[in-house]
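Paired with chain B in one complex and with chain C in the other, chain A is shared by the two complexes that follow.
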Partner chain A sequence: MQSVAGYVFLTLAAVASVFPLYFMVVSATNSSNEVLASKLLPGTHLLENFRTLVGAQPLGVALWYSALIAVGTTILALAVTSVAGYGFEVFHTKAKDRFMGFLLLGIMIPFAATMIPLFRMFGDLGLVNSWIAVVLPAISTPFLVMLFRQASRSFPHEIIEAARIDGLKELQIFLRIYVPTMRPTFAAAAVITFMAAWNNFLWPKVILVNNDVQTLPMLLTNIQAGYVTDYGMLMLAVLIASLPAMLVFLALQKSFAQGITGAIK
Partner chain B sequence: MRTTARKLAVMAAVLPLGLALAACGGGGGSTASGEGGGGDGDNTLTVWAWDPAFNIYALQEAEKVYQQENPDFELDIQEVPWEDVQTRLTTLAQSQETGELPDIFLMQNNAFQKNVLNYPDLFSDLSGSDVDFSEFPESVVAYSTVDGTNYGVPFDNGTAITALRTDVLEQAGYTVDDFTDITWDEFITLGEDVLAKTGQPLLSGQAGSADLPVMMLQSAGASLFDEEGNPTIVDNDALTAAIDTYQRLVETGVLVEVNTWDEYINTLVNDSVAATVNGVWILGSIQSAEDQAGKWAITNVPSLDGVQGATNYTANGGSSWAISSNADVELAQDFLAKTFAGSSELYDTILPGAGALANWIPASESDVYGEPQEFFGGDAIYSKVVGYAEKVPSNNTGAYYYEGRDAVSVAITNIMNGADPKAALEEAQSTVEFAMGS
Partner chain C sequence: MAAPLPPRPKVSPLERRKSLTGWAFLLPASLLILWLSFWPMIQAAILSLQTGRGTRLSFAEPLWSNYTRLLEDETFKLTLQNTFIYLVIQVPLMLVMALILANLLNNPNLRFKSMWRTAIFLPSAVGLVSYALVFRTMFANDGLVNDMLMGLGLIDSPVNWLGQTGTARFVLVLGLLWRWTGYNMIFYLAALQTVDRSTIEAAKIDGASSAKAFWYVTVPQLKPMILLTAILSTNGTLQLFDESYALTAGGPANTSMTISHYLYMVSFRNSPNFGYASAISYVILIIVAALAVVQLKVGDKRD
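Our next item is the complex of A and B:
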């Protein structure tokens, strides 16, 4: 009896969490007024919505830069912060611990506070309106350094000693022993970074002044900015914007859970 | 499991690229490049504006008009939603990187004075231009005027209208004439009758929005601030009357409150309500319901009862063109003077093309404005609305208009939930005073 109640509850909870996704997918195939009237069945306007979207907005440009920025940020962030986390743990001294504590304070500074100095900096470097200016501030976050450092705690130092005796150089130890062992942590860090970069809105909006370089979240606000919003087209754009992040998460889901709870058991 | 994960990962990588290619093939492509504004004399102006179907379309048409005299002239139009125009202006002003400003940007009328007062470094004034401001309604020019100096060329018309479903009114035995030149008291009486006979409320509105009360306020020439910019939320007869009217609209069921803007639009296009009171730009959404063609009509808005200076005319929204401090000022002024402030041809094109209604009074004399509109029962609604625009009383916005509106919105929500109106408005006043640092 209890399990029946449990199933009913879980089914309701599952429906409630999947429904918004279902509505998004279905609405992408309906016309604007049908979406407003909350039509719940698939319609026939998918192609029409796609044509309107492509005609009204630079979808290709936005997809290209969103992908470039998200992939670029993820690769660079993993490269930088994994080395930092490894270094802080494996070669740790009192002074480095204190420096790490200082780094962590950075988590507490809201982005809005650093936005204007950052803008000046990139302005002086001539990088306004360049995708590089979107990637650079995101490649080293205190949070990721901490994630790698905490995960490195459970990485046995004996292996490093053994590798040194066997003649491996420090870089080789990192690349050939540490990296393969810590795959779940890399996966977790990749998911977090990719999602943050893919969904990043405020900074790209400020630094990318020209329409030649746009990201998908910027494009979504463009669609809603007019007097008349085509909701069918908007839902299709939202669907296109959410798919890659969802797929990345699904692909790395298992490792993500492991990486968050600790890479090595 | 692993192969599924791999497949998903590959899809994640391939999907954006595939779609990107498809989109480019469809003509989405990239736009021409531009290097911001700047007085480099290259005959190109960079513009920030939002809404491809409206403002940006109007700009493209203006470019064509101006090219007739200056064949090598070009506009580099950057699509930037209004909220982001504001974010960028704030960032550029505070980081003093004004070199990134475009030549011209579009600005909401309600935010114009605030920006000129807070960031004067961003603007070039229009004194010395050929724009004849007497050809625009006084109330509209006032939005972009600070200390007697003009900073903006009015474009988008925010004149308020009452749009009514004639078929529903007919069922209740009324016509549009019964709703013309009336007061809000009369409107509520009529609304109750329509509700009783047809079951349909007249109005809908977003709960917690101050749009309607503020429109009522401006219809009496009143504001939330006095001439010196001090808040006048307490002991403001027009505001008290507006809030009281709004409360009665909701209590009688003549106005149904909905939660979001999207729901509001839904009530219009899906036959839930029989009317709406808003800026004339709302007609764009109304006309998206093609099955309702011929069933809508337009008239002026109700006036406040017992308030001095009450009229049947008001406004909501609207926007104006500003010239930046980084602009090729001479070219930008000449462009605006010969297009948005001087070309009937332009307005004749963009009215049928996008429903973009002029603030420039000479435009309304053209035949295009007098053409009957089938969607609105064959009425020449556009010349009608331009006629309303000239009668809209000025609204003093000042630097803290948005703070004032927000505080009043909160007060209205509290009053609707049973708070004492006087206490709620006193609280709103002190909130605004706090924001102003006084």
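Our next item is the complex of A and C:
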């Protein structure tokens, strides 16, 4: 009987989780009036909604910058934080442990408390309205460093010793041995970083002041801010904005779970 | 009296070179964190003592006047209160639901496990602005939720969900639960892999019900993870911006606006005031830190 209640609860949770997404997908194929009439079946207005969207909003620009920012952030973040996490674990000394403890305090710093000085700093550097200013603050987070450090604990140190005896340089050991073995951790870090960067809204909105450079979440709120909202077109835009991050997650789901598990063991 | 110094360990040149290589590995990440998190945090502290418009800033007279101004700012108090309402209602509900779901999914006899997991985690893959707009559409006056409730005969006329204080806050909390429960569930699911199943079996053999075994045997073993998710969720809720901006637009009359949304308005809308905004941001910083300390203390005590 416990399992019946369990299945009921799981079913409710799963339906509640998926339903708004189903609504988003079918509404993208319906006209605004059909969306408001609560039509829950696929319709025939997908192409029309797409034409309206492309006609009214710079979809290509937003797609390009969102992709550039998300991919750029992910690659740089993985490179920088994995090296640091490995360094903290493999070369650990008392001084480094203390320094790590200090850096971890950074997890507690709310972005709100750094936003205004960052805006002024990037203003002084002439980087307002540049995608670089969006990427830079998102590259190195104490959370990712910690994730890689924790995961590195399970990495056998004898292999490193053996490789040193074989004459490999430290960086070669990292690239040739550590990176391939730690693939699940990299996948988990990539999923977390990509999704955060792809969906980030506040900072891009603050630093990208000119509409020539904008990201998908910014474009979405611009549609919403219009006088009359075309709901079919809005849901299509939301769908386009959501798909890439969802696909990345679904593709890396298994490694993601493995990576998180590996990091907390 | 000075305690005798411990003998200094001999550091071979090789060891020293290894240690230097180690620091080199840490350098890029550490510099970025110091430059783009710690340094701006210090600057915000200085800014919070300054007044003036745009770039022409000077120290306030008296220095703490931005902070005393907060005490008379009704919008500040209102948005702070809103944020706490969200925090107190949403975080505990979400974490309990996530724990229950994770425990159900961890049952080795459960069928279609990956289907359940994927379905419940799926909302976490959707962007905050995206889901906020989906919820906004569903809860529009002539939207789906009103149509369904009227179809079921539960209400006679459409509810103005986003136009009234209570319902607007309700929709926002509902959205947060929808978006984040599965996310926290994944963390618990990962932590459950480290729980020794035999301890649960033993409790059951001793006559404990599943619920009791879960509460007295499983949950204590998950404590570090519960602590982590509580701190992360508290931190996230105190910095809530996207939903307030895109789902309720802070309305009606700022009664669903979060403190971070208000910070954004003071910083970059109307007539920007960086000094005063920095004071608001420091209140957020202090609350985040204080709550983290409290949670760590409480977490330690139950050991």
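In this section, the second predicted complex is superposed on the first by the 249 of 265 C-alpha atoms of A that agree within 3 Å, B and C clash if a C-alpha of one lies under 4 Å from a C-alpha of the other, contacts with A are read in each partner's own complex, and residues count from 1 in each chain.
We adopt the following convention: a contact is a pair of C-beta atoms (placed from the backbone, for glycine too) under 8 Å apart; a residue touches a chain by one contact, two chains touch by 3 or more.
All of these numbers come straight from a predicted model, not from anything done at the bench.
After superposition onto chain A, the modelled positions of chain B and chain C overlap sterically.
By the document's definition of touching, of the two partners only chain B reaches A:Asn210; chain C does not.
When the two complexes are superposed, the chain touching more residues of chain A, out of chain B and chain C, is C. By the touch criterion stated above, A:Leu46 is placed in contact with neither chain B nor chain C. Of the two partner chains placed around the shared chain by superposition, chain B is the only one that A:Ala251 touches, whereas chain C remains out of contact.
Of the two partner chains placed by superposition, A:Ile177 touches none, neither chain B nor chain C. Contact with both chain B and chain C is seen for A:Tyr231 once the two complexes are overlaid on the shared chain.
When the two complexes are overlaid on their common chain A, residue A:Trp64 makes contact with chain B while staying clear of chain C.
In the superposition on chain A, A:Gly55 contacts chain B only, with no contact to chain C.
In the superposition on chain A, contact is made by A:Val83 with chain C only, not with chain B. Of the two partner chains placed around the shared chain by superposition, chain B and chain C are both touched by A:Ile116.
In the superposition on chain A, the residues of chain A contacted by chain B and by chain C overlap at 36-37, 115-117, 119-120, 202, 206, 221, 224, 231, 248, 250, 253. Those residues of chain B lying in contact with chain A across their complex are 1, 5-6, 8-9, 11-13, 15-17, 19-24, 26-31, 33-34, 36, 50-54, 78-79, 81-84, 87-88, 91-92, 94-97, 99-100, 262, 265-266, 269-270, 281-282, 284-285, 288-289.
On chain A, the positions that touch chain B within their shared complex are 32-33, 36-37, 50-51, 54-61, 63-64, 66-67, 71, 115-117, 119-120, 123, 128, 202, 205-206, 209-212, 218, 221-222, 224-229, 231, 240, 243-244, 247-248, 250-254. Those residues of chain A lying in contact with chain C across their complex are 2-3, 6, 9-10, 13-14, 16-18, 20-21, 23-24, 27, 35-38, 40, 80-81, 83-84, 86-88, 90-93, 96, 99, 103, 106-121, 136-137, 139-142, 145, 170, 174, 195, 198-199, 201-202, 206, 216-217, 220-221, 224, 231, 234-235, 238, 241-242, 245-246, 248-250, 253, 256-257, 260-261, 264-265. The residues of chain C lying in touch with chain A in their complex are 18-19, 21-26, 28-30, 32-33, 36-41, 43-44, 47, 97, 100-101, 104-105, 107, 109-110, 115-116, 118-131, 133-138, 140, 142-144, 147-148, 178, 181-182, 186-187, 189-191, 193-194, 210, 225, 235, 238-239, 241-242, 245-246, 260, 263-264, 267-268, 274, 277-278, 281-282, 284-285, 288-289, 292.
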